[in-house]
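Lettered A, B, C and D in written order, each chain numbered from 1.
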Amino acid sequence: MLRVAIIGASGYTGVELARILCNHPEFELTAATSRQYAGKPLSEVFPNLLGKTDLICENLSIDELCSRADLFFAAVPHKTAMDLVPQLLEQGKKVVDLSADFRLRNVATYETWYQEHSSPEFITEAAYGLPELYREQIQKARLVANPGCYPTSIILGLAPLLQNGLIDTSSIIADSKSGTTGAGRAVSLGTLFCEVHDGFKAYKVGGTHRHLPEIEQELSALSKGDITISFTPHLLPIARGILSTVYADLTSDISENDIRKLYRTMYENEPFVRIVPEGTFPATQHVRGSNFCDIGFTIDERTNRIIVISAIDNIVKGAAGQAVHNMNLMCGIDETTGLQGAPFFP
Amino acid sequence: MLRVAIIGASGYTGVELARILCNHPEFELTAATSRQYAGKPLSEVFPNLLGKTDLICENLSIDELCSRADLFFAAVPHKTAMDLVPQLLEQGKKVVDLSADFRLRNVATYETWYQEHSSPEFITEAAYGLPELYREQIQKARLVANPGCYPTSIILGLAPLLQNGLIDTSSIIADSKSGTTGAGRAVSLGTLFCEVHDGFKAYKVGGTHRHLPEIEQELSALSKGDITISFTPHLLPIARGILSTVYADLTSDISENDIRKLYRTMYENEPFVRIVPEGTFPATQHVRGSNFCDIGFTIDERTNRIIVISAIDNIVKGAAGQAVHNMNLMCGIDETTGLQGAPFFP
Amino acid sequence: MLRVAIIGASGYTGVELARILCNHPEFELTAATSRQYAGKPLSEVFPNLLGKTDLICENLSIDELCSRADLFFAAVPHKTAMDLVPQLLEQGKKVVDLSADFRLRNVATYETWYQEHSSPEFITEAAYGLPELYREQIQKARLVANPGCYPTSIILGLAPLLQNGLIDTSSIIADSKSGTTGAGRAVSLGTLFCEVHDGFKAYKVGGTHRHLPEIEQELSALSKGDITISFTPHLLPIARGILSTVYADLTSDISENDIRKLYRTMYENEPFVRIVPEGTFPATQHVRGSNFCDIGFTIDERTNRIIVISAIDNIVKGAAGQAVHNMNLMCGIDETTGLQGAPFFP
Amino acid sequence: MLRVAIIGASGYTGVELARILCNHPEFELTAATSRQYAGKPLSEVFPNLLGKTDLICENLSIDELCSRADLFFAAVPHKTAMDLVPQLLEQGKKVVDLSADFRLRNVATYETWYQEHSSPEFITEAAYGLPELYREQIQKARLVANPGCYPTSIILGLAPLLQNGLIDTSSIIADSKSGTTGAGRAVSLGTLFCEVHDGFKAYKVGGTHRHLPEIEQELSALSKGDITISFTPHLLPIARGILSTVYADLTSDISENDIRKLYRTMYENEPFVRIVPEGTFPATQHVRGSNFCDIGFTIDERTNRIIVISAIDNIVKGAAGQAVHNMNLMCGIDETTGLQGAPFFP
């Protein structure tokens, strides 16, 4: 058994990592850190874990952490991560970082959207943890930057179109809707039950969400050109799930069937991407609790636009599940280990 | 008191009409028809109405209907409406029809999207019941075609841009999300609680929703040119509310402030349109239970697109409330009568 | 128009008071206080009120308050209320206090469950604001203690049984379920969307909820004896609504029909109590947004227990609506003014 | 691999059985029957299963069924089950029946609450599938009657009290609340999203729910006496979960601590019962998606009543999960196989 630790276990990503890891046959969860809950059983912070783990939340130094585990999931906020992660790497550890700190290859871009970067030298070596696009780099990496939730849904949805040059890259509009776990577990007025329940709204309208440069970086890499998109996130009154509806002008008169073949070809051997049957479209409730990304699409003949719809569970494929997938790859074990559960419906 | 009847009272539009009408100071609800529930008190079908109305659901002939009321809300399915409405008009009654049967001015378009039209001669005289655009026609009409819920949200959102020629009309994409009351009260697998709850999905993807020709008819009229748009409806796990996120390429370098002035000017005297403050955007929970349409927008400078967001309560401004608004106008009474309640939050 | 002010307008009770008052034909809302939001338009704090009120939230001294209004709704926490309310009374104002500070007639009981009481002399004069039981006192009062939400639902449900001595008063068990608005708008982990949504739990189990002495005080008064009950509150994943399921052993062999007559007789002229038809039971969705208390019951012949079920909207009949009802009575205007809207369904 | 079939795969219990079984390492799902969906891939009926199973729904005769599998989960309505199950047994198969047909040991009781029983001779041999109480019988059985969801939650909650004779058995009141999956997937007005969402109600009030004789049978067996209880089911606006709040008068002055020891002792080796820490209480969201039954309790000193609260996921521990648990026991494999996943939160 490989020893793994969760740094920052008290958020929704933390509890989901713990849920997956406490049933993972190759990894043993040996430490979970939380400043806020230090001294408390993790199963008291998250009673769903009662009987599944005896871990106590701790506030550990780097040295203590390194003595306790060899593999790390860093589920701390950006900025905290950039200080912490290099110290783990220097002690020979493997790290999947779930923050934004090592996702953007261009330091200037990072500093425009976030703040100064204290360890830019590690950006270059970090693999971008989308296994469908970077499997080989991930397998060799000691540091993987786990993708954002919105980027995961949008990039996987568009990749076959961009790789095959089928769309006008200036026409892309991604209208995304996320469940409220995406907003985290920190208390705030905007995520109170009565503010979210039975309602729906957009936020960060007009190209201001921090996932935008990450999305554009990866779409640009796929198309081998600079891509600027419109991206509007919305808040859904559900716990888990992102559904992205992506619009783009087709530049080719390729048929829907041929596009379907390209999608099937690209994702044929991918264990966690499902192309849904023709005439059907993904729904968040069909990926709930799983590491799947479901993708469907159709051509709107009236406007010659393609509409691609992708759905993920934002805290599994969009966070904790993808992180475990990456760690599996980094450790050379079967990449689906611990992630084979079917989605929960209803 | 003017005598009004609801034809087809057993759906969600019916109960909302009854809720509004039982407190309307100028209208007296004198009949409510339902084949399915004939003989049952309306307050047994909808226990929220207990103590507010003593009406019994009835299955009435046209003659009986005409002896019972002078104003009619037809809340029956399309096709049924086109047979029923002319008979009421011929007896000198005023009708607000909530079906699609008299919304499309082009009979051929209607017949493409629906089925053969049995009374096309009434299409011409019907006023399209969006008071913000057709107030004068409505005031003079004996037949008003009450707009669809999606069209209401999208047309009001785009009207100032189209009237002022500010956008590329070939670039319009409307990504709309609706609460489940929009699917009606007929039992069906797809609207069971466990199928909708805690989930989210698109439907009628690719330009196949029947509200599309209605939206395009009105957008075209506003821009004085033919407009084809992309429109994707989605199903929200909420009861009431539509939020439309609409994207269009700006063709002018007009500032956001100047656009805001155009919106404010156009809707300044409109009792049921609210332009939300700069930097904020509408949410369905802020119009819940009211006849308001809230509109906000911003310019995405990175792509030179404008993003307009509008929110309505789909069974009030998108159906029953707008119908009462229209009837108020047709009867020459204060148009806000019975509709002044503030939205419910939370 | 009578001038009314809301003290503590930034909570869910505050916004509901504002919603009701901005359409009240006899009251004019002239001030709304909030320390946290002082200087902000109330319609910015609660965008549902946009266009319905121009009030700015203020932080006002007692003297300023008294110069601005004659009637006051105090929607501040207990303890704050006991300091504030006497000062308003001393300046000749009428006050409906929504806190617990003047509900318990026994100061010692208050001090056991809350803390020291700084103005016990006002307890005696306060009328307990349940109009169905204390209408005459309320009409004459200058201070009304607005009942708690759970007490309202339980007391109204049991009153006819206790007044007629039909149940074993030692056998009463009230199992109550409340929507999350009942927990207030202060940010806290326990009321985050993801903690409450799609879940259900009990809290304050074992007779520790502060509404217990209030419930027992009123049940005891009705039965003219000391009553101790079991009361378990639960948290529902809904915004509005309390449903109480109350069990008691029958001590008489009176028939269900005769009991129904007693309920109907007691509540016959009550504008806000509805006895639901035999064989049906209340549901929170049928009182949503209204000031109704719906009551239903049946006898379980197998155990000779009566089961009474009552439903209210906890922030209307359980708070803001009942407060306005009380103020209407205190001012001698039609008691239903501003409260006649039918419940929203769905 | 043992070959298993699901008879009646198109309901919520069916899809949950399929979800569990498609990851079960000892069972191979070899057939799934559905009249309604015969010919359709199961993953088309339930898109969450896409990629997890290639099974096609079939309408199979008994002989075909018996040639395809050795173990059967019968998830068909009562009455259908009593005809079907004996035929499977006669061909030497093992069956877990999820209907009510073999749960009640007294045929007359069954016939009072349901209808005539066509195969009463199989009632005697059926084991009642609550492993915590009947493990040995289940291990030897060829037919297991899987318990109802409400009974599971109530019986496990009360067992230690009854076995130890600590409560007045005439005083038991079970106030239970269930998620809407409990109402099944058949289309009906009462389970439409808009009827259930944001609402709450009781149903089958007054001792008329068919789970009542089953609950009383098992409570009576535990106490070795006849028990009659009050039981009120309620419908929660959630998908999964039952929470039962059970009240009983204590007849002993045993301390809460000593009772806790009895609970811990009884359930110490039970893999799927968790006694929650003192001062905390179960919540449905903490057992979601798992086979756990969580139990908490406290003594209300003021009334000398004990309040026991238990929570299960009604389609796992209350149906499909418990069925797999039973089948594991019947086959002599590790009883937790396929059921070890931690609950999903949030």
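Convention: a residue touches a chain if its C-beta (ideal position, glycine included) is under 8 Å from a C-beta of that chain, and two chains touch if they have at least 3 such contacts.
It should be emphasised that the depicted structure is a prediction, and the values quoted were computed from it without experimental measurement.
**Student:** As a test of understanding: of all chains, whose mean C-alpha position lies farthest from that of chain A?
**Tutor:** C
**Student:** With centres defined as the mean C-alpha position, give me the chain A-chain C separation in Å.
**Tutor:** Averaging C-alpha atoms per chain gives centres 45 Å apart.
**Student:** Round to the nearest whole Å and give the separation of the Cα centres of chain C and chain D.
**Tutor:** Here chain C and chain D have centroids separated by 39 Å.
**Student:** Quick one: chain A and chain D, Cα centre-to-centre, how many Å?
**Tutor:** So the centroids are 36 Å from each other.
**Student:** Which chain A residues reach two or more other chains?
**Tutor:** 12, 181, 194-195, 197-198, 237-240, 283, 285-286, 288, 346
**Student:** Considering only which chains touch which, how would you classify the arrangement: line, ring, star, complete or other?
**Tutor:** Shape of the chain contacts: complete, all pairs touching.
**Student:** Where on chain D is chain A touching in the complex?
**Tutor:** 12, 15, 18-19, 22-23, 44, 46-52, 181, 197-198, 239-240, 274, 276-277, 280, 283, 285-290, 292, 294, 340-346
**Student:** Quick check on the complex: what are the chain A residues that touch chain C?
**Tutor:** Residues 12, 180-181, 185, 187-189, 191-198, 237-239 of chain A touch chain C in their complex.
**Student:** Note which residues of chain D are touching chain C in the complex, please.
**Tutor:** That would be residues 170, 173, 175, 177, 194-195, 197-203, 205-207, 228-230, 232, 234, 236-241, 243, 245, 247, 281-286, 288, 296, 298-303, 305, 307, 309, 311, 346 of chain D.
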